[in-house]
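Look for chain A in each of the two complexes below; its partner is chain B in the first and chain C in the second.
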Partner chain A sequence: MRGLSQNWAVFRESRIGMLGLIVILLFGVFGALWPIMINTVWDPLIYHPVVGFDPMLLHPSPPTKAHLLGTDPIGRDILAQLMFSTGREFLLGVLSALITVVIGTVIGTVAAYYGGFTDTFFMRVADIMMLFPFIPLLVVVGSMVRLTFFPFAIILGVLGGFGGITIILKAQALSVKVRPYIDAARVAGGSSFHIIRAHIIPNVLPLSFLYMMFNVTGAILSEATLSFFGVLNIDMSWGMMIHTAEAAGYLFDFGKYWWLWLPSGLAITLFCAAFYMVGRGLDEVVNPRLRKR
Partner chain B sequence: MRRYVLSRLGQVILTLLIYITLVYFLLQAMPGDITQMYLANPKVPQAAREELRKQLGLDQGVVMQYLTYVKNFFRGELGVSFSHYPRPVWDILMERLPRTFVLFLTAHVLSFYVGYVMGRVIAWRRGRVVDYAATVVGITFWTAFYPLLALVLIWIFAYTLRLLPLNQFIEPKLWQGAPFSANTVFGYMVYGGGAVAIGLFLIFYAFLRGLKRTRRNVALAWLSGSVLVAVALLAASRAGLLVYIWDIVNHMVLPVCTLTLISFAGTMLLMRDSMLETVQEDYVMAAHAKGLPDTIVRDRYAARTAILPTVTSLVLSLASSMSGGLVTETMFSWPGLGQVLFHSALANDYPLATGALAFTGVFLLIAHFVADILYAVLDPRIAYTGQPAAEG
Partner chain C sequence: MALPATADAADAILRVEHLCKYYPVSRGLFQRRQLLLHAVDNVSFEVKRGEVLGLVGESGCGKTTTGRLIARLTFPTTGRIFVDNADVSKIQGADMAEFRKKIQMIFQDPYESLDPRMTIFDIVAEPLNVNGMGNLEEREQRVAEMLSLVGISPPSAFLFRFPHELSGGQRQRVAIARALVMNPTFVVADEPTSMLDVSIRTGIMKLLAQLREDLGISYLYITHDLAVARYLCDRIAVMYLGKIVEVAEAEEIIKEPLHPYTRALISAVPVPDPAVKRPVPTIKGGVSKPINPPRRCRFYERCPVAKSTCAEQDHPAPREVSGGHFAACHQL
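Moving on to the complex of A and B:
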């Protein structure tokens, strides 16, 4: 394995990855502004993303000086909602992707190391998971039980963790397992646990990290889609903002009420694209075949 | 080959069973059953509800109910829908399935083709402006917030420019005095379209691959292809179907284009990565050295091998496209499987929701199966025993 600075140098060469990273950092700054704004400049009674209301205007109001991106149909500030949600989207995406990747890495390495029944079992599970049409399934589940923020993130992470990612990580772990130093470690008396933890997992981790980026994209898109359909019980998110506009019927006059859907829609797309691009950039680091000669 | 197909078939059936079991118990675990729909209705007293439960078999144990369900499933009896009472679930699904199938097959093939062509171009021009631009644009569409993208496209093309019909499957006004039902026309359209497509494929395959690729043969292929299409169109217009088919096709344009836009990048990026690998192979260099033109080397040497991984991803993307199917069909009011699933879930219509989910699974499994066989045919390195010939 190469050192961190070397990897960083390779990553920096990928313009796509850098573009993504810059966009993510911008979103990070944007999200970090929220607690500052609400504690200093903005009056929480008016600017609270969920219960705020501005009594001075007719809602939804187009962008004004007081509300730079206008207000939504029930009088809440769009910019405040957008900022507040940014942190939440980071949390949701990273949490569920982290769960996915941890489960995927553990299962993938264990399946590769032990082979046999363990391997067959988890691979078949992954086959079935890949079959599952998740969005329809979650729509069905969500319309029947209340899905709130954290349970949803965890469900998404766990469902993803047993899916296709295990197959990819297992293939990687398999290629590590056959290397001579694994045999050496075993001869030296290393336990299976030790070998998996100290020798196989570190070599799989770059790939896991790469897939984590793609999973962040997937998680946020799923959240947005399900929120849009109104089957999630989340008080505020980018998808929820569009849902609010849609439920109140303002999306029928699309062009006129642009501030109700454009900021949040753009935010979702840009945020997801940014993570995906970082993933692509990492791909060039992790995947030797893609490197420029 | 036969053994491989049979063993795959066995696996498919087993997976299907597990899938149905999961779906069944998942929905069983959800709160409420049909008798609760009558809870607030004074005309249906407690005793009547009990009687209803008994008639529907809801008083039996869960395992017993499950066994009955599986038995009925393989007989094609999926129960009666609550929200479309008294239509059987099977009827509804059979009406909706072809619509979903046609929409997705068209969109999938189109996006695969676009992704394939663009992928090989941008891999060939790696690091140039085309590469970056196509990658960024592709990723942006790939990660675009789908419902909103659909709304934007509807707004632009159907509402503002009025080029395409707004939504739905057909234009009700046109069909009011129609001598056919929408399903009949759709059936003719599917069979006719399928036959023409197979005919065209055979003609072009014969002339461009089988026979020598001379200028005369290419012209002959185009000629006989257009004659075939003309005959089909003539037959349709003589039967008076053409207006109605045109209407349905018109309604398909926007959903298909949206689906293509949102999913072509997946194939494109994969094709690019896969091409980057094959262009370094020796046989590509040899082809260059022979003095073959650039495009021939790209399309017939490098891309031919690079397509294999994209075929696998085509299978994997089927599942996600079925997820996207729900969004597409809801946004475009396309009366297919996804829309049924969505509405039945919102209406707590358990039999219909279970049936629709199970059918989505069947649909995906069959696709999976077909693609596996296709892959085995395409790649001779895969032994038909079901094990890859060379590991690692």
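Moving on to the complex of A and C:
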């Protein structure tokens, strides 16, 4: 293993990874601006992302000086909605990806270490999870119970955690399990728990972290899709913004009301792409064969 | 099968009796018979306190499996292993920790036997750590002590480095420090020098010999190199296809090999003199796989002195030919 500074040097060499990181940082700044704006420059009565309304204009209004990205069909500021949602998207993506990766890492390493029935059971569960069409399932679930922000993030995380990621991490754990240092730990008297915790998991973790990046993308795309269908009980998100435009019938005139769907659509695309690109950059750190020399 | 050298059973730190390890070979769809790979087949020997026994043989003869069986990394199919006259297979619970303290292992590849994500301190302290020995301060002291003992000095300069920052020889020294940190009485050394450069090899061998002198450790020294075995070991056991074919004092086995396989091995050691004419190889063919071996002498196909009786009888049991010199051959 190389030190952190060396890993950073390898990552920096990856243009795609650096680009992704810069985009994520820009989104971070953008999201951080929201509380500042609403507390200083913007009047909450007009600029609140959910209940704001500007009585001076006909809605939806195209971009003006007061509303740089225009307003939505019920008179709310698009830029404010976009900013407000950024932080939530971060939270949703990272939270559900974290849950996915923690579950996936634990199950993957345990399945690889013990093998036998444990292994077969979790791998079949993962197969089922991969075969199952999630979006339709969640549409059904969302129409039965009111899915709010945190339960939704947790459901996404858990469903992801039992899915394909366990197979990938198990494969990695299997290759770690047969290394001589595992035997050495056993000869030293280490218990199975010790070996999994101190040796297998740390050696699988870089790959877990890499897949966490890809899972952020997956979680945000799922959220956007389900919000668009209107089955999530989330007050505001990028997907919700497109849903609002669609529900009011403005999505049919494709180019005419572009400010209703373009900013949020672009944000979803860029944000997901950025995490994917960071993942690709990390891939080069984790997987030396991809590295150019 | 007679037990080789049981002069004084209490004297033996390790005694192995009729040890067998068979691995099932995955069979084809239409194969009826379960195929077994006889990795270790009815092996008996003992190591006396303070003694170094060399286990010599070519790749795949079962010497590493024997070492792993003794270190309890895998479990025997049949047969028993006694450490300090206690049956290893019956060790449980708290005695297990005691057993781990007593028996340690040095692995072949120092690039693979150290966890790349751990610092040198964590690696060497791990046995103390998992066995709950000492507090952090005592562990630090003990680790530094061990590192300087194996020639990693100054220890403080290495404690918080990672294995990839060390050379192969340094890594193997760290692995040795780790194996010895709990003061074991018996160490299984599985080809500890075979992955190292020749220039470093001697240093490690000298270190192992020195540690044996200083700490009174017994080794089972697994190697394929007769010269290494001769240098380090008191006695040498030669293995072939899961069987021990000859056991004797190191010098005696080199000078007066009895078994045709040992003779062939010794004749294969290069002589540092270009004028020396190489003897014609006395054995033919290659090592066969020990999968369901036929009931005859394992060495029959390659043996230069084989007679029809060798094919008719099962593999011979080791016989004491002269004092402490055992060989397993029908023709002796």
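Note that in this section the second predicted complex is superposed on the first by the 292 of 293 C-alpha atoms of A that agree within 3 Å, B and C clash if a C-alpha of one lies under 4 Å from a C-alpha of the other, contacts with A are read in each partner's own complex, and residues count from 1 in each chain.
One rule holds in what follows: a contact is a pair of C-beta atoms (placed from the backbone, for glycine too) under 8 Å apart; a residue touches a chain by one contact, two chains touch by 3 or more.
Keep in mind the model is a prediction, meaning the values are calculated, not measured.
Here chain B and chain C are compared by how many residues of chain A each touches, and B touches more.
Contact with neither chain B nor chain C is seen for A:116 once the two complexes are overlaid on the shared chain. By the touch criterion defined above, A:228 reaches chain B but does not reach chain C. Once the two complexes are overlaid on the shared chain, A:188 sits against chain C while remaining clear of chain B. Contacts of A:131 after superposition on the shared chain: chain B is touched, whereas chain C is not. Shared-chain residue A:180: touches chain C; no touch with chain B. Of the two partner chains, chain C is the only one that A:203 touches; chain B does not reach it.
Chain A residues in contact with chain B (one complex) as well as with chain C (other complex) do not exist. Of all residues in chain A, those touching chain C in their complex are 1-3, 179-181, 183-191, 194, 198-199, 202-203.
Looking at the complex, you find that chain C touches chain A at residues 68, 71-73, 96-97, 100-101, 103-105, 107-109, 112-118, 126-127, 130-131, 162, 164, 175, 178-179, 182. The touching residues of chain A, when paired with chain B in their complex, are 15-16, 19, 124, 127-128, 130-137, 139-141, 143-145, 164, 174-175, 178, 217, 221, 224-225, 228-229, 231, 238-239, 242, 251, 254-255, 261, 265, 268-269, 272-273, 276-277, 280, 283, 287, 289-290, 292-293.
Note for the complex: chain B touches chain A at residues 15, 18-19, 22, 26-27, 30-32, 126-127, 132, 135-136, 139-140, 142-148, 151-152, 155, 159-160, 269, 273, 276-277, 280, 316, 319, 322-327, 330, 338, 341-342, 345-346, 348, 353, 356-357, 360-361, 364-365, 368, 392.
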